[in-house]
Each structure stands twice: as C-alpha cells, then as structure tokens.
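After this come two complexes, each holding subunit A, first together with subunit B and then together with subunit C.
Up next is the complex of A and B:
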C-alpha cells in the first residue's frame, strides 16, 4: 500500500474535520504504537499470568484448570513464608539504609566544591556496573582464606574468620551490601538534584534569622526534599522487592542459599518456573508478588503524599 | 502492490525450495550448544549423508538454559526436530508431554540394546519400550594432584583404592595455618558439584543401603546406611578436618587452583582440567569400601525420535538414530568431545582401558548406577540443604537426613501426579 493512495482515499473525510479533531486523531495515531506495544507486550501477558495461576501448566502438557489449588499450596509451603520474610528483610533493611547513606553523602557532597564532579562520578560508577559482574567480585571478597580478601585481612590480625555467605544469619546482609552500594550512585544524583532545586534564598533567610544548621536541615531541607524522597522510597522499595541478579550470582551453585536464607520471591518464581517447570505454581507466585508491589507502592504514595 | 510482489516472490522461492528438496527426505536434529558436541555432530551428519544420499539432516542448536523449554514449545506447535537430544532425566517429562515416541522394536530390538549397551541405558526404558539411545556416557572418578601427593610423601603412582586410604591420603595432604584455617584441602567438599551423586549412588550403597526403591520413586535412604554415608561425608569436615564446604568457592576451582589434593568429578570436567599447566594430575576409580565394593554414578544425553517424525521421516530418523548410536559414531564422539562410548564393545577396548585418563572412568561404567531423577535441580537441592543443616545449622545428621527424605519424597510424589 502506498502513502499517496491512503491520503487520496481519506482526503474527503479528512478535510471535513476541524483542526482540534485532527490534532486528536494525530495524537492517537502516534500513541497507537506504544499503546499497542504495551497491550501486547505488557498487559496481555499480565492477564495471562492471572489465568495461568489457576492452572497446572508445566510446558509439556496443555494446561488444565485447578482453581485456587496453587494458592493453597503456596499458603502451606514453608519455603514461601521463608522467602516472604527474606524479601521483606531486603526491603526493610535495604531501603532505609541506602536512603540514609545516599542522603548523607549527597548532603555533604553538595557543599564540596573541590573535585565535586569527579567525586560524584566515583559514587555513580558502581551503578553503571553490571549487577552480575559485581556480585561475582563480592563473592570472592567473602570467600574463606586463602582467597577471600576480607577473611585474609581478619586472619592477618589473628581474628576469627567470618563465614559470610556460608552462614544463615550473615548471608542476607552480605548479599544486600553490594546491592545497596550499587544503587547508591543513582540515589545520590537524585538527592543532589533535589537539594539544588531548593532556592538558596530560603537558606540565606534562615541563616540571617540565626537558625542552626540542624534546624535548617529539619525545617527547610528535608520538608522541601519530600517529592525527591517519595520518588526514591518508591523506586528503591520496588528495586529491593525485585532483587534477583545479586542474589543469584553471588551464590550461583546454591542460588538463594544457604538453606534458602537469602532467597527472594523473584528467585523462587524463577526456580519454580524454569528449573521445575511448574508454570502454574510460578504464575501464582508472580501474582502474589504483583499484589505485594501494588499494595506497598500505593501505601507509600499515600503516606508520603503532601498533607 | 509491493505486498503482492513480496507474496509472489515468497511463494516462488517456496516452490523452488520444495522442488529441490523433493528428492531427499530432510530431517531435523536438535541439541544444545556446546562447541565440541556441535563439531562432532557436524562430522557425523557429513558421514551419514555420504552413506545415505537420500536423507538430509539439518542440525539446530540452542543455549542449554532455554533448551528444554524451546524443544517442548516447538514440538507442541507441530514444529521442531525429528531426532532430539535429551538428558536421560527428562525422559518422563518428554513422554508425558507426548513429545517423543518409543523406538520401534523392528529397528531397535530390546535384546540387542541390552546386549550391546552398558546397563545404565535402562533409564531410557519404560515398560518394554526404549525411548532413546545414548551416543556417549559420563561417569565419576577421583582426580588427584600428583604434586601435592609427592610433597606429602605419598606415591603419585599409587592413589587411594579404598575409602580408608582415601581418608588417610586426605589427612596427609590437608594443611592449616596457625589460626586453624584450612589453607589446602585434602579433598574438596562440594554438594553443589558431583558430591551429591557420590553420596546418593556410591556412599549409601557402599554402606549397605540403596538410595531409592520402586524405580526411584520412593526414597529409601532414611536408614542406618544413609546415616552412615552422611556421617562419613560430614566427618570429612567436622572431625577429620580434611575438607571444607565452600573452600575456594567451588570444589573444581580448588582443585584447578592446586589447593586441593583430591576431588570427585566427572568426564565432563576433563576439558577444563586438561588446561591445567601448574601441576600434573591423575585419575583413579572411586574408592571401594572395606569389602572391596565399588559403585559409580553415570549419566548421559540420549537421542530420541519425536512424535513429529512419521512416515518416510520416521524411517529416515530411525536410520539416523541408528548411525549416531553406532560404534563408529561413538569413536568420533570420544575423539572430539571426550565422552565415553555407550556401547561396551566400543568402550572396553584394550586401548581405551589402558588409557590412564579414560580407563578409570570406563571401569566405573561396569558397576555404575543411574538415578532416575524426577526434578534433578530440586533433588540436588535437597542434598545440599541436608549437609548445610548439619554444618551450618548444627542439626544432627539423623534429623537432617530424615528431613531430606521427607522433602525429596514430596518432590517425587508431586512428579508422579503429573
């Protein structure tokens, strides 16, 4: 079909439309591509996942309807509850720690003039690194002697070795540390932008009035940073709830181990779907993850909305 | 207009293709990507086509990670291979998905298969039917570092033959620093590697038990033998202190790095260990127990005919399968890939048995067992967790073993329901 043909055919109709109608039509014509893309690539599979979660599809055989069986199994699966706790441990440790660290860094970096861009670039660098590569480097840091850097240092000073990834209590923080470190650069940049957006006249006025630095921070900086904070809390919460690459790569022989102590929900979904091929059960887990993400995002947006 | 032209040219090229292809039957062969395997198969296809000019074989390969999913999806869509390579442990899944068909007895008599192949081929048998045949098989053996052996005053030409000698050699070669930290392992401990197979099919049997019953559908290791086998393994770290789970991250890494005297691994590791320059290593059969009883774990990728192959394609697929399971093909496979022939006559030649590397692996095949995994990853995880519960969680081996048995039985039961 050629373009001239279309115009000629539609010419009569087209000329009868008003300018605003034409604008709307054009807008929809351009929007059609992303709308179609989102419908086919995003929304349709999402709907499919809901359907699959009520079936016993295992790739090999056609799916048959099992109702809420997958959800019942999930409810009584102790692994699910362990994974559930882990996922929230990532969220409840990761988000506050990373936001606090990045705010402190951004707050002081904002005042540094000497090599400001260079230092900022240094903080941003880990964010550009592939999570998988980073996880592997940290994996080696955590090894026991003779190859683990941290344990080598401990052993040199005669201190006892730490098991790190080989411990059910230390493994999760050990996996979380590189994840926080990697996300720091991004959060610092956003905080810096937020800090720069606060008019300097407010600070000048406060200083003339004799407010202490602490009071300025509490009364001016933090309240005015709220939109930035909301964005970062939601963004990093979703990030920690979906944590996967770091966990998988830092212990790829026993992903989520030892004894499932670092396994997040996304990894459980992956294993159920692509190593056990229980697609229906995996879809049910996906639906649960979706609901968790939805509820948390809504709650956060509500709590942090301007009063 | 343009669309019409396009359609016309597509139709034309399709007719041309159909016309040229009409002479020969074309069948498709699928396997996962692994350089030497693809190269070996290319050679086999060339030879096969030279001998059968009326058949054309097209080889398609995929990354291993997507392999099973892609095969399943394409066969269900009526596309895909006529002859397919599959891990023996996937057979149940492939049969229940109606993806592969039983080999016709006219082309592959069961009696011939059982006479010519190693007994582990029975893992491809359901009822009276065989569903596939392997070209090559893998088994386990004990790798040892000759340099470390020499330095510790052990004879590198005389590696341990029994479990007692194995432990004694490990005790002599393990090294610790002033703080008691392991700096050189006597033996690697890595359930995520091959140790779970060693525990399941070798140690349990050597202690008088058996891992499963009823075609590997019932867990049978929660008994005295299973406990002895687990305790033996745990004690390597806990009381003998000759190894440590997680030392150098992975067992094979520790051995490669020259910081472990011994490791248990499979034929598939030969390619990686052959590149070691820093020291000489040797291979020996897995240690026997005090009564001289040995066992081994063997596994393989088999080739099967899919349900898609019918009529003349089925006949062509049968010819091709027969060729790639022939002694000639096995010889090519051994030379190019380094995997052991699945036929006795092709494997147990005096030349192969005298080979210092292949010899111990081949001897292991005679008494090897093949676990009929229902979900290999999940069942491996059960073994990993069983050891971790004792070494990290401080549980008694007895409790941990019982938990492992329950967890694995649940996996087997779920698989049986599918």
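Up next is the complex of A and C:
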C-alpha cells in the first residue's frame, strides 16, 4: 500500500524503473511491517532476556548488572533441581506414552472404514479443549469419594482409595494424564496422514513376497513413518517441557503440588517473576529453559539427519 | 478333513474377526476419550443436590447453572474478550503470514534468504523467554491490561509464515506473470490471484491460530490484571478458585469455555482435520 503512495508521488521515477527493480521495491514494501515486528517483538526481546538474566531486576529497584550471579544461585537452589527432575519426568513419561498410544490407535484406525470419521472425531475432540478448563474437570475426577469419579469407580470394585493430587508420588502422573489425553487426537491425525502417505504398492509387494503383518509393520510401516515420528517426538517433547496450564490449574490452591512434586520449570519461572517479583532471577530460568529446548531439538535433528 | 476346513475359511476371511475386535476396541477407547467431556457437560446440567449422583445422564437436567453464570455478566465479557482477541490475531496472522510467505516464495531480491532464515530462527525461541521483556515493554508503553497487550506478541508467527511459503511455492509463476501482463499491481496479484489458490492452507492457519489464541493461558494470565480484561481461560481459572467446591458451577464454566470450539468442530470437522494434517505434514 505504501508503494502505491510512492507511485503516485513520484510517477515519473517509478515508470523509469525496470520490472525487476519494481519487484524489489514491492517485496520490501510487503516486508516492511513484518520486519519491524520481528525486530521489535522477537529479536530485541531475545537479546533483552539474555541481558536481564545477568541483572538483579525486580520491581523495587532498577536493574543492575550482576554477571552470572543468577545462574550461580540457580545451580545451588534445591528447588531448581527438583523442578528440573519434574520437567524431565513430564518429558520422559509423556512423550513415549502418548506416542505409543496414538500410534496404536492410528495404526488400527487407518484400516477401519466403518464409522471411520466418527471414531476419529471421538479421539480428536479433547485436542480442541482449553487446558485450563480441562484441568478443573480432571481435578474434580481426582477428588476423594463422595464427589470424585475415579475414587468412586475404585470403591465400586472394592479397590483401595487413592490420594492422587494429594500424594507426592501420584500427583505428577495425575497432572500428566490430562496433558497426554488432550494431545492424543493431534498425534493420531498426524500419524494417520503419515500412514496414508505410504504408497500402497509397497504393501502389495510385501504381501506378494509373503511377509506377515508384523514383518510389514517392522520393515515397511515404521521405517517409512520415521519423518512423521521425528516431527511428533520433537513437537510433543517441546510441549511436555513447557507444560504449565494444567499444572497451574489442577492445584491452584498450592500450585506445584504437595512439596513441589508437580512443579515444572515454566511454573517456577512464573512464580519467581510474578509472585516473588525477582525478574532477573526468572530471566535466568527462562534462558535455562531455552537451552534445554535447544539441546533437545538439536539432538532430535541429529537423529533425523542420520536416517 | 482338510478340504472341509478350507471351505468355511473363505467366508471367515471376509468377515475378518480381527477387524471386528479392533473396531470394538477402538470404539471403546474413543468413548473413554470423550468421557471427561460428557461428565463435564452432565454435571453442568445438575443442580447442587444432584452433584453427588455420578450418573452421566442427569436425573433432572436443568440449565439453571448456565443462566446464573451467564446472568452475572462476567462470563459474557470474557467470552467477548476471547472472541475479539482470537479473531483479531487470526485475521492478522492470515494477512501478514501469507503476505510474507508469498513474498519469500515468489519474489527474487537480495536479502530474501536472510529474512527467511531470521524469521525461521524465531521458532527456536520459546515464548517463555520473551514473556519478561514483553511484560517490561507492555508496562512501559501502557499496554498492560488492554486487548492490544494480550494480542501484540502473536500478531505474526514464524510457523504461519513458513506454512504459507511452502504452499505459495506450489503456485505456478505463469499465473502471476499473466496477471502482471494484464497490468495488475503486485498487491492485487497476491490478493486476487495467489491467495485464492492456497485456501486450504489459509484455513489451516486460521484454525490453528484461532484455537491457539482461544485456549491461550500463560500470556493473558500475565498481562491482564483486571477481571474485565480476562480472556475466558484466565477468567474461568479465577472463577473456579472463587467457587471452591461448587463443582456444578465450575463444570458449567468449563463447558462454556469448551463448547464453542467443540461446536465449530462439529460443523467444520472435514476442514479442521485436513488443516491439522496439512500443517503437520508441511509445517
């Protein structure tokens, strides 16, 4: 739009430009606002985050440079190591469990014709929910007997009652369950797309060669599905490492669960920044999160290159 | 003996008992998947005296909870806030991400590659790292507690730009060249010729952006402080805390937050599923 203005203002100059010169001007006119946006809203804040992590900025006083002090403090903070373990527990439990479940469902759903899209919709619906809202639904499920659905079912079968969110060992899996549940539909859809992209001639050839279903799965389906698999591993790993909405809402009276047993890194960042107002210290934690995500992504890209 | 066995084997292979078992198990799994949603909806239709009755079909369904919650006005305000925010951000992304994607895919100019790599590199930076500088920026410019404050970080995304670039690369140059010869300007060529050719990608981008912003919690929680500006997830969270153990009220609030996307899905299922597949494969 700005280029049309230029055109009107300097009509003579514009008409003397060659077609490719006009193209260049148009391109930069289209990119002007976006380049400004990415500079101000993405790149500058990135630089600032690194800078803030080396300051003692809080609401009381202006930021002053403290070097690596925040990182030193983080290293010797037992809460950080607890949070670090929790964050990786979400990742190491969540990613394999959710990928295994969604692959099994997608593998069989791919062969089903009868009511295919209805069944697919059943699995996909939870993906469209709001995590903050669903955390409250699951929180209600985990309550003790008269009201809690799961304990009620356990009682019906004469099984012992479980403390779930009140227990230091059960709380983290109890928070993880709704996160896996909500993400499953997305992973199933992506797996289905990946399965469909495998040419059916491969399967026909394998059947003519007399390969069993198990052998076809091992030798054809899984190897050809590797790009899909790598994408989903990266995508869901990042999701589990950044878990927040569910954790914050499922235990809102005591965010982070009993003895911080469910607290992930993003919740620690939130509390450090907006409950204790130690912005500099929180910035150092965000840099650590960035480094964790970077390492995880690079490792996974490396695996992709090896294929 | 062998011949007698091979005869019934033929119809057996047509019925495929394995498939029936697989179908049944898939169906049961699917029902389990939607059970939390059914419980949420069913409890939202019960009054306080029926909450402890855990049957899925309420004995005496009532919309009383909905009238009460919507009647106090806050939820309507949060619904409106979420709608305004999610729609505005979606429109902005559909416009800018596709414009940038188109420019990077179809124009040849010096600096194109650098711009592309620079935008793509922002995918590596987690939102959480930018939240504190954004908060600082918002408080300096007076954007805290405003729609713009909630929206500005997401007005354009590298994911959307990359997705659109992939799709515009599939648009044949001849189409654009023909329009150029007809004397259309570059903006019109993009808007009238190129954009209609990538509508599946546009709808995928729109669906993802809308859903992402509708359910967003972390940034709206940080940037809003007054209840009038909460988005639905943040409002619901504060409402639920205040209701403490009135589960039927909390489930009604959760239903109000969830139903809009579920209803949209029922109408647009084909497009949404296709959109997720497109975004997943090309993104």
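Please note the rule applied: the second predicted complex is superposed on the first by the 282 of 307 C-alpha atoms of A that agree within 3 Å, B and C clash if a C-alpha of one lies under 4 Å from a C-alpha of the other, contacts with A are read in each partner's own complex, and residues count from 1 in each chain.
Please note the rule applied: a contact is a pair of C-beta atoms (placed from the backbone, for glycine too) under 8 Å apart; a residue touches a chain by one contact, two chains touch by 3 or more.
Quantities reported herein were computed from a predicted structural model and do not represent experimental measurements.
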Partner chain(s) touched by A:147 [first = subunit B, second = subunit C, both, neither]: both
First (subunit B), second (subunit C), both or neither touched by A:224: neither
First (subunit B), second (subunit C), both or neither touched by A:274: both
Contacts of A:181 with subunit B and subunit C, given as first, second, both or neither: second
Touched partner set for A:198, first subunit B, second subunit C, both or neither: neither
Greater residue coverage of subunit A in the superposed arrangement, subunit B or subunit C: C
Partner chain in contact with A:290 - subunit B first, subunit C second, else both or neither: second
Subunit B versus subunit C as contact partner of A:105, first or second or both or neither: second
Touched partner set for A:168, first subunit B, second subunit C, both or neither: first
Shared contact residues on subunit A - subunit B and subunit C: 1, 140, 146-147, 253, 274
Complex interface listing, subunit A residues touching subunit C: 1, 3-4, 19-20, 22-24, 26-28, 30-31, 33-35, 37-38, 41-46, 48-49, 52, 105, 108-109, 111-112, 114-115, 117, 119-126, 128-134, 136-138, 140-141, 146-147, 149, 152, 178, 181, 184-186, 189-190, 192-194, 197, 228, 231, 238, 242, 244-245, 248-249, 252-253, 266, 269-270, 273-274, 279, 282-283, 286-287, 289-290, 293-294, 297
Subunit A contact footprint on subunit C (complex, rising order): 19, 22-23, 25-27, 29-31, 33-34, 36-37, 39-40, 43, 51-52, 54, 96, 99-100, 102-103, 107-110, 112, 115, 118-119, 122, 124-126, 128-137, 152-153, 155-156, 161, 180, 185-187, 190, 211, 214-215, 217-218, 221-222, 232-234, 236-237, 240-241, 245, 247, 250-251, 253-254, 257-258, 261-262, 265, 269-270, 273, 276-277, 280-281
Partner subunit A, residues of subunit B touching it in the complex: 1-3, 65, 68-69, 72-73, 76, 93-94, 96-99, 177, 179, 181-183, 190, 192-193, 244-250, 257, 259, 375, 377-378, 381, 384-385, 388-389, 392-393, 418
Residue ranges of subunit A touching subunit B (in the complex, touch as defined): 1-2, 56, 58-62, 139-140, 143-147, 151, 155, 158, 160-161, 163, 165-168, 253-254, 257-260, 271, 274-277
